[in-house]
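In what comes next, chain A is part of two complexes: it sits with chain B in the first one and with chain C in the second one.
Moving on, here comes the complex of A and B:
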């Protein structure tokens, strides 16, 4: 134990062992990040990058409300997506780990196939389904509904549908792994102690599944803040999210400093939100169940 | 028509696949190069001698829009000049320009892109200035409108590139569901009865410029704050009726065909021609009448330039001349993905009546006469910023 405590960063052996990892991180993560930060302090003239140190881009970012409107919209959509994915994924994962044990391998394979299918194909598939002349309205008319009963294409609802559909598998698998690890005897012990099924689920299964729920939530949140296909194809591009704003800024406006600044803002806010969730999660864990 | 593993995908993704070299042609090219490389490697390793080695084909790199890389255009050039051309397909002009700026200019020999971005290569120091006299044979059969000095392709009086393909930007409509006479102005875009029936192309400045013209502002002049504010208002009004913004041609084409979209703004002959090619002659690209003395249509032109850093200036010049030749021009003007008229008048001799109808050749000079020539809009960045702002507020 003391040997571990005595070790410090001044220990040459430890430094030597850590060096490859430090070099890799520096080369692949920190250096590009620093370059991106440096880029935010440059200017563009005639669609060309001009290396003149300036706060112009950051002034632009902090004085134009629409960047923050789009960021707020992105965070809202990502949070809603997390909530919906968890709501849908938990029962599925729970059923897989308990009620559908006999079929779980088949179901997992099916989910994996759907998960591995290219998101572009799946998203355009939804366009065909939700189109005014698509399968959804055809079915609705068959059921006696008149006109365009399904009219959500090119709205935020369609964007959300696409996001949840494309990201759901992440939540199902992380939660499933968590539930699958739960020692069944703990649940049986709760029953022996007189707990109802709901109480056993609420006080044993759910708290023990929390790491999976948390991991799924973080994964989906980080992926959801970066989506651009769903808002563009299913949402009709009228309600852009941050990733599309960044793409437009880099590609259409050829304004790399602004694109880099918006990227930094999105990264910082996303990391901040994750840290905030983490803090809340740690506090809850520390305080324990009420 | 041959099919491939990606032919059912939307055109946008087909272009991406081709751009990544994952299309059939790309894969065969890679396989060929790879196997040739492997064979050479094995031969070198084993010390075998096959006598005098065959002369390797000259490698060239061509950054272009899809279509310019059509084997019917490129294969004859490769055969005649013993070249092997690699393609860097552009999916958007600014992106291509940015890539050149980021260092691709050292690899690429020739670029075919939208004219303003070709012209921008002049001040950016990327393009080789051309001597029009060296291209006299090419210009001899050009439409007069594109013969030198073709002002939009000049920078400081020097020719930056040669115009290749062109068309017009105006409302794209389905004549079965809307009366073309209604579209002699952009008014239907703002009519409340057309709410959720207007499609706007998400193609950078293309939808902004016609709206500026509709507001009575010439976007190709330096604009003041009041004029930019007017553009903001007109964009805001446009978004109120917009059903969708699309970047993918097929989505817009499908909407026009099934009538869910009444009109598409920010595109033109580039969008409608491929549908007309498939027999849907009810889909047309129009140009509104001049309003308050300002022409409402926009002529877009694609041009080809030679990179300053090319190590094959003579071959690059040959390839440029080949791209605008009569036979190559005919192929270029009638592609599956898009059909557009070219700058070489001699190509007209090769068109059938059906092809002329697809290209709306009976309309093209009317469109030309009622259009502005697209070029670098001095305030484009401000206009794009306004676009982003209004789009964010419209959502």
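Moving on, here comes the complex of A and C:
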């Protein structure tokens, strides 16, 4: 196997065929990334970028706790969002692949529609819903609660609600796909071998749904680390997350090197977390269940 | 009880007793009152065209389906309402259903693990199954996808046998294999059945397989049992034209029963052969005078020498010749235009070429007569 790969590097015909892909990757991905890295080593003067090489930005990044607090908060929110999405999405996906099979196409269309509706629109919709004089409190009063029973707008709770709401579909679809692929006779075989419904689920369905769960988790984590709409609109900008900090640094503070440096930090951490995920996952798969 | 149709080969209490079960899926009647008894240690094959209800019947025995009415008892115990997990049955699935995320050892040991058997005992019994199935011990740590089709088959069999079920249910497990491997595993199944003495109920659409393996064959069509009997009975004494046609190639000659008495009947086939007598043993029960069908298997026809005589004689014009290697099959037309298939042992010279007419004969003992109608 490895012999083939080694030789392929020296095969000019093969390299030629790979050229378009290599070019595309270089111009669209590698070059901007390298430019961003280069940008972090520049200085600004009077809100103008001056091309002087310096480590000033990086000393700033590594000495100010503020940036790291925001990063920590972002990672915490993203992790919580992943956990909540998986907890909600799994039963939904499971029902879709089993009990609601007859309606699964309708449900899938509905989820897709909700999913494709512009996230900004939906997020502002939540503001109207959660507002002190909004629909949520109207309903709460109707149910006999006193005063403003729903008072979470402009808190981290509202941010989390928006994040889970906007990202949930990713987990539903990835998990649904992996559950749907499970051969029904495997579950029957588990029953036949003497397994209870719970045991069959635990020993067969859940382990086989694992690829979808991991895929959904990685997708949602990467997207959740990058959210700026929800903390701004639903969280009221009171506890910004990394993406919002980066936006402010570029737009409001017009400090491009710092913005670029914060971007690199966020990217590195996100990539590191995903690699860690991957390692644990492939390790588990390699060893198999105990 | 009629020995041929429902009965078992002895007087022992049946291990499986199915009484008049019915099952509908919506408006579709999958099982229309099926009764069947299986003796302990028997190898029973359930055969029929797809959609005949054979797999549905098997699922009722396994506990994956509950009948609308009727009763199922295994070893004298009523099974209605008993979940699959609690039934003393084990199924080998069509697609094998090996757990892809478990090693071979975990797959085979799974039923014991669920029964809370300790790890040491499980390992010992898995090893014993591996030996019984003639698998290599180094396969234990592999995953199902790393094994060949035949090896996966053996692992699936090992998993279903390790819990020592009273009934082993096989749902066409050999249907996806190539012919050569199929032959090997058929022999293997037969050997297993003989060595472990478990009762096998084997669903298949492959009649040759059923004839090879089973002690008794149960032929189903459209949710009903048409005939239960030993392979030879099914082959030479089919219950009706459908069973005759389903099981191998056959000839159904339209004949006329002229008269019936206790000893037999006088039949004639206008335009094919003249009047002949058939003894009662070669007739389906309850036949009356009138149109009937005379069945003769292709391999029982033989060419007649110019001065030779046979109980029945007919002329056939050969239209096609298929060489099967050991045997050669001839498709021909009789003098009245009806088709005839006959099969002769292969030889370097052919008794007749395409377009030639050959005189054939068959003996009185090699036929079976049953009710007329279309040869469906």
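Some notes on this structure:
In this section, the second predicted complex is superposed on the first by the 283 of 290 C-alpha atoms of A that agree within 3 Å, B and C clash if a C-alpha of one lies under 4 Å from a C-alpha of the other, contacts with A are read in each partner's own complex, and residues count from 1 in each chain.
In this section, a contact is a pair of C-beta atoms (placed from the backbone, for glycine too) under 8 Å apart; a residue touches a chain by one contact, two chains touch by 3 or more.
The structure displayed is predicted, hence computed values, not measured ones.
With both complexes brought onto chain A, simultaneous placement of chain B and chain C is permitted, the two fitting side by side without a clash. When the two complexes are overlaid on their common chain A, residue A:248 makes contact with chain B while staying clear of chain C. Contacts of A:183 after superposition on the shared chain: chain C is touched, whereas chain B is not.
By the document's definition of touching, neither partner reaches A:17: not chain B, not chain C. Shared-chain residue A:208: touches chain C; no touch with chain B. Once the two structures are overlaid, the count of chain A residues touched is higher for B than for its counterpart among chain B and chain C. In the superposed model, A:101 makes contact with neither chain B nor chain C. Judged by the touch definition given at the top, the superposed model places A:120 against chain B, while chain C stays out of reach. Touch criterion met: A:191 reaches chain C, while chain B stays clear of it. Following the chain A superposition, chain B and chain C show a smallest Cα-Cα distance of 45 angstrom. Interface of chain A with chain C (complex): residues 183, 185-186, 188-196, 199, 203-204, 207-208, 288-289. Contact residues of chain A toward chain B in the complex are 44, 46-49, 64, 66-67, 69-70, 73, 120-121, 124, 127, 131-133, 154, 156, 232-233, 236-240, 245, 248-256.
Here chain C touches chain A in the complex through residues 62-64, 83-86, 89-91, 93-95, 97-103, 106, 110-111, 114-115, 143, 159-160, 163, going by the rule given at the top.
Residues 9-10, 13, 92, 94-95, 97-98, 101, 120, 123-124, 202, 204-205, 239, 242-248, 251, 258, 260, 381, 384-385, 388-389, 391-395 of chain B touch chain A in their complex.
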